[in-house]
Amino acid sequence: MAARPHAPRRASPTNEPLWVRWALILAGLVFMALFLVLPLLAVFSEALRQGIGAYVQSLQSPDALSAIRLTLLVAAIAVPLNVVFGIAASWAIAKFEFKGKAFLITLIDLPFSVSPVISGLVYVLLFGTGSVLGPWLKSYGIEILFAVPGIVLATIFVTFPFVARELIPLMQDQGTGDEEAALSLGASGWQTFWRVTLPNIKWGLLYGVLLCNARAMGEFGAVAVVSGKIRGQTTTMPLQVEMFYNEYQGTAAFALASLLALLALVTLVLKSALEWRFGDELAATGRGH
Amino acid sequence: MKGFGRFRQPSVIPGFGLTLGFTITYFSLIILVPITALVLRSTGLGWNGFWAAALDPRVLASLRTSFLTALIAAGINVVFGTLIAWVLVRYRFPGRRIFDAMVDLPFALPTAVAGIALTAIYAPNGFVGQWVAPLGLRIAYTPIGITIAMIFIGLPFVVRTIQPILEEASKEVEEASATLGASRLQTISRVLLPSLTPAILTGFALAFARAVGEYGSVIFIAGNIPFVSEIAPLLIVIRLEEFNYAGAAVIATVMLAISFLMLFVINLIQAWSRRRYGYGS
Amino acid sequence: MEVRVQNVRKEFDRFPALHDVSLDIVSGELIALLGPSGSGKTTLLRLIAGLERPTAGRIFFGDEDASEKSVQERNIGFVFQHYALFRHMTILENVSFGLKVRPRSTRPPAGEIRRRALELLDLVQLSGLEKRYPNQLSGGQRQRVALARALAIEPRVLLLDEPFGALDAQVRRELRKWLREIHERTGHTTIFVTHDQEEALELADRLCVMSQGRIEQVGTPDSVYDSPTSPFVFGFIGESSELAVNVERGDIWLGDRPIGIAAGDNQGPARLFFRPHDIELVEGDAALAGVVASSRRVGGTRRVELELGGAGHRVEIDLPFDHPAGERSRIAFRPKRWQLFPA
């Protein structure tokens, strides 16, 4: 096909008149500004409302610091576990043909369609009073609910699909050719995995880890239900934000929120960078949630 | 017919047993067992008890609030989401890439952060709230506030579902329409938009499903007044705090059932559009 | 409806796709724009359609200057290589589309639209399929729907952009014949673009051979085949063999040997073109002679590759497959019909 002119000045058969284009662009941008940009700006403006001094101070309060520590701890456990799961699941799904595969893929998407509150609720029902497992574990001194393990479990539940969803279409796209070649050259299963499969999926993996981590650190509903919100012990950053907010400590709430917002922005930037540069290798997934 | 009874096709690749076994174990432990516990708990009340709890007026009101606001929010997202997807795909303007990336903000931003930010903006003394307060309108702490929060979190679902379809659409079809005498408006309304129908429907369903279950972004800006602005997930939390586990389980089961229904509907849409149009969304 | 292209130039971001092209198309004829990719043939077609605007020059439909008219106003029918059917509409709705989008004043009543659409589907031999959707049809069927859709608006000119390019060889051949029949029946002025010379030679009343944004030659298939006016046309249409020769004292010389052909009073280096089958075997010195490098049978002929003279020029000639000369290792020949172009 002959080259097409770029952004024609006059309306061509497949373009709208200039004024229509600008009107639509404006409408879209105003909508986005109102619903997306404004909240983001509000976080920072509220956090800095009483000056930088108050901002820094509230971040150094013991509650804030313990919340940050807990959030990092939970993410450090949940994300790697979900990575291992994601790789295992996509290996099983992409490299083999077996019955029930489509069903498994649908099931993996389950946490996405479930309200976060329900995600937390299921663990309360499983380990709370009136259940079988709860008291039994307690007799061994293991507390799940209202303690860190419960928070980790709930976080794993809600972030569980992210890595798998990225890797499955990617590995399905890549097929089994490379692995079969490696095996035919004498590599063992593990060698094939480390030297052939992993490098092939590294960008998709990174992308999945990015999304998984953002959600793990930011999860609210599920964790709120299982944590018991014991300050200084079982409050993650989002929970601590709520706590500060309900106690009318606006600056502290927004200051902590601003850290999470910065995390979100960094995630977005890295995500976009990965998409633009490695779009082809991340392909097939469409834009994931 | 040889492979008929076989569970899986033979392959030289190792690790099937290991990976599938791990996958299923992990999945069962983390997901299946807990959800089974949920369903079991809610049956603990017995059939009549279940329906009594499910049809309790406050529960029904909360479900109605959640569903109505989610419906309206998804509807608004469909209109503006399509517009935004169109503008991002078809036009070039300064900052386009930044706005494209921004669409994902609701995915990346923790829900609690969004919640307090939206409340700050729409409260009577907030940036937007202060303008509408003199008019007697209140946005925060009303169902309107709930809807706005749901618009925030649902927007990316619509945009990201429609964008790939628009990107793939060939210009030839539009040119064909023009050669047949259709004006630009006719081409858009009779040719382009109808071909986007599966994507629009899917985006709507996804945004709706997400909004119905949303908690963190909504509870700050909602009034949480029973029968007026109380959302179903909040009612679940309240029941939990009252140690009415069975009651909470019942509401959760109802919501789960509706989630599965939505998932099913989405799959139906995809299958129908693949059959009818020859492509999915 | 006759179409006149007058001194048209088209540039895309400084890249010249067409240089000063002029063409007169006779009303009711079926003319092919033929050339390799990059020749500008599709660009020319799209300019006539109104899908692009010329950088300079004018386009006339009859007496009317259509250069400034939008594609909707030109009332042309366009058929795309990849059909461009509306996937969410049935076949009938596709064909009726052009009539349904007319302004109220010129729009026929619904019953009339349906009747005409069904009539056209009958013309393209797809009756009975009106309720189907495009993705339920084969490629050949889809292209016929595309044609019916274009004909529905009673266009002044019918334009086809490599209409059979996306179809496989068998279907292509069938649709070629069928397009010719439709053209004889309806009599529309038809312009079609193709890179397949066999198709052009078989279908068209006239050919317009293009290369690198310029028209090389316009003429009937016979005249273009038998009397090419440029090396490009000679080489592009039909098979050809080329030799670098010298014209001295009215004779053509290959290296140090005259080949026994008089060339008028030109002097100097030249390019000799002839067709492999347009040769006669001769004895004697004044000929093109050489050693047989390879010999292949292709159907009813034998294709012989010769290495000529000292400098090792290679040419191909065709002999009947059972000709005794096919066994020999040295062959001498002269072209019966040939053309000479300046080097």
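Things to note:
Just so it is clear, A, B and C label the chains in written order, and each chain counts residues from 1 on its own.
The rule is short, and it goes like this: contacts are C-beta pairs under 8 Å (C-beta built on N, C-alpha and C of every residue); 3 or more make two chains touch, one makes a residue touch a chain.
Just so it is clear, the structure is predicted and the values come from calculations on it, not from any experiment.
When chain centres are set by their Cα atoms, the one at the greatest distance from subunit A is C. Of the two chain pairs shown, A-C and A-B, the one joined by more C-beta contacts is A-B. The mean-CA centres of subunit A and subunit C are about 57 angstrom from one another, to the nearest whole unit.
Subunit A and subunit B, compared by their mean Cα positions, are separated by 16 Å. Counting partner chains per residue, subunit C has residues 51, 70-72 touching two or more of them. Residue positions of subunit A touching 2 or more other chains, listed in rising order: 6, 13.
Annotation for subunit B: residues touching 2 or more other chains are 175, 178-179.
Subunit B makes touch with subunit A in their complex at residues 7-9, 11-16, 18-20, 22-23, 26-27, 30-31, 33-35, 37-38, 41, 80, 83-84, 86-88, 90-93, 97, 99-118, 120-121, 126-128, 148, 151-152, 155-157, 160, 163-164, 171, 174-175, 178-179, 184, 206, 209, 212-216, 220, 232-234, 236-237, 240, 243, 245, 248-249, 252, 255-256, 259-260, 262-263. Remark: subunit A residues 6-7, 11, 13-17, 21, 24-25, 27-29, 31-32, 35-40, 42-43, 46, 84-85, 88-89, 91-92, 95-99, 104, 106-111, 113-118, 121-126, 128-131, 153, 156-157, 160, 176, 179-180, 183, 189, 192-193, 211, 214, 217-221, 224-225, 237-239, 241-242, 245, 253-254, 257, 260-261, 264-265, 267-269, 271-272, 286-287, 289 touch subunit B in the complex. Interface residues of subunit C facing subunit A in the complex, by the touch rule stated above, are 12-13, 15, 17, 40, 42-43, 46, 50-53, 70-72. Here subunit A touches subunit C in the complex through residues 1-6, 10, 12-13, going by the rule given at the top.
The part of subunit B that touches subunit C in the complex is made up of residues 170, 172-173, 175-183, 186, 190-191, 194-195, 197, 276-279.
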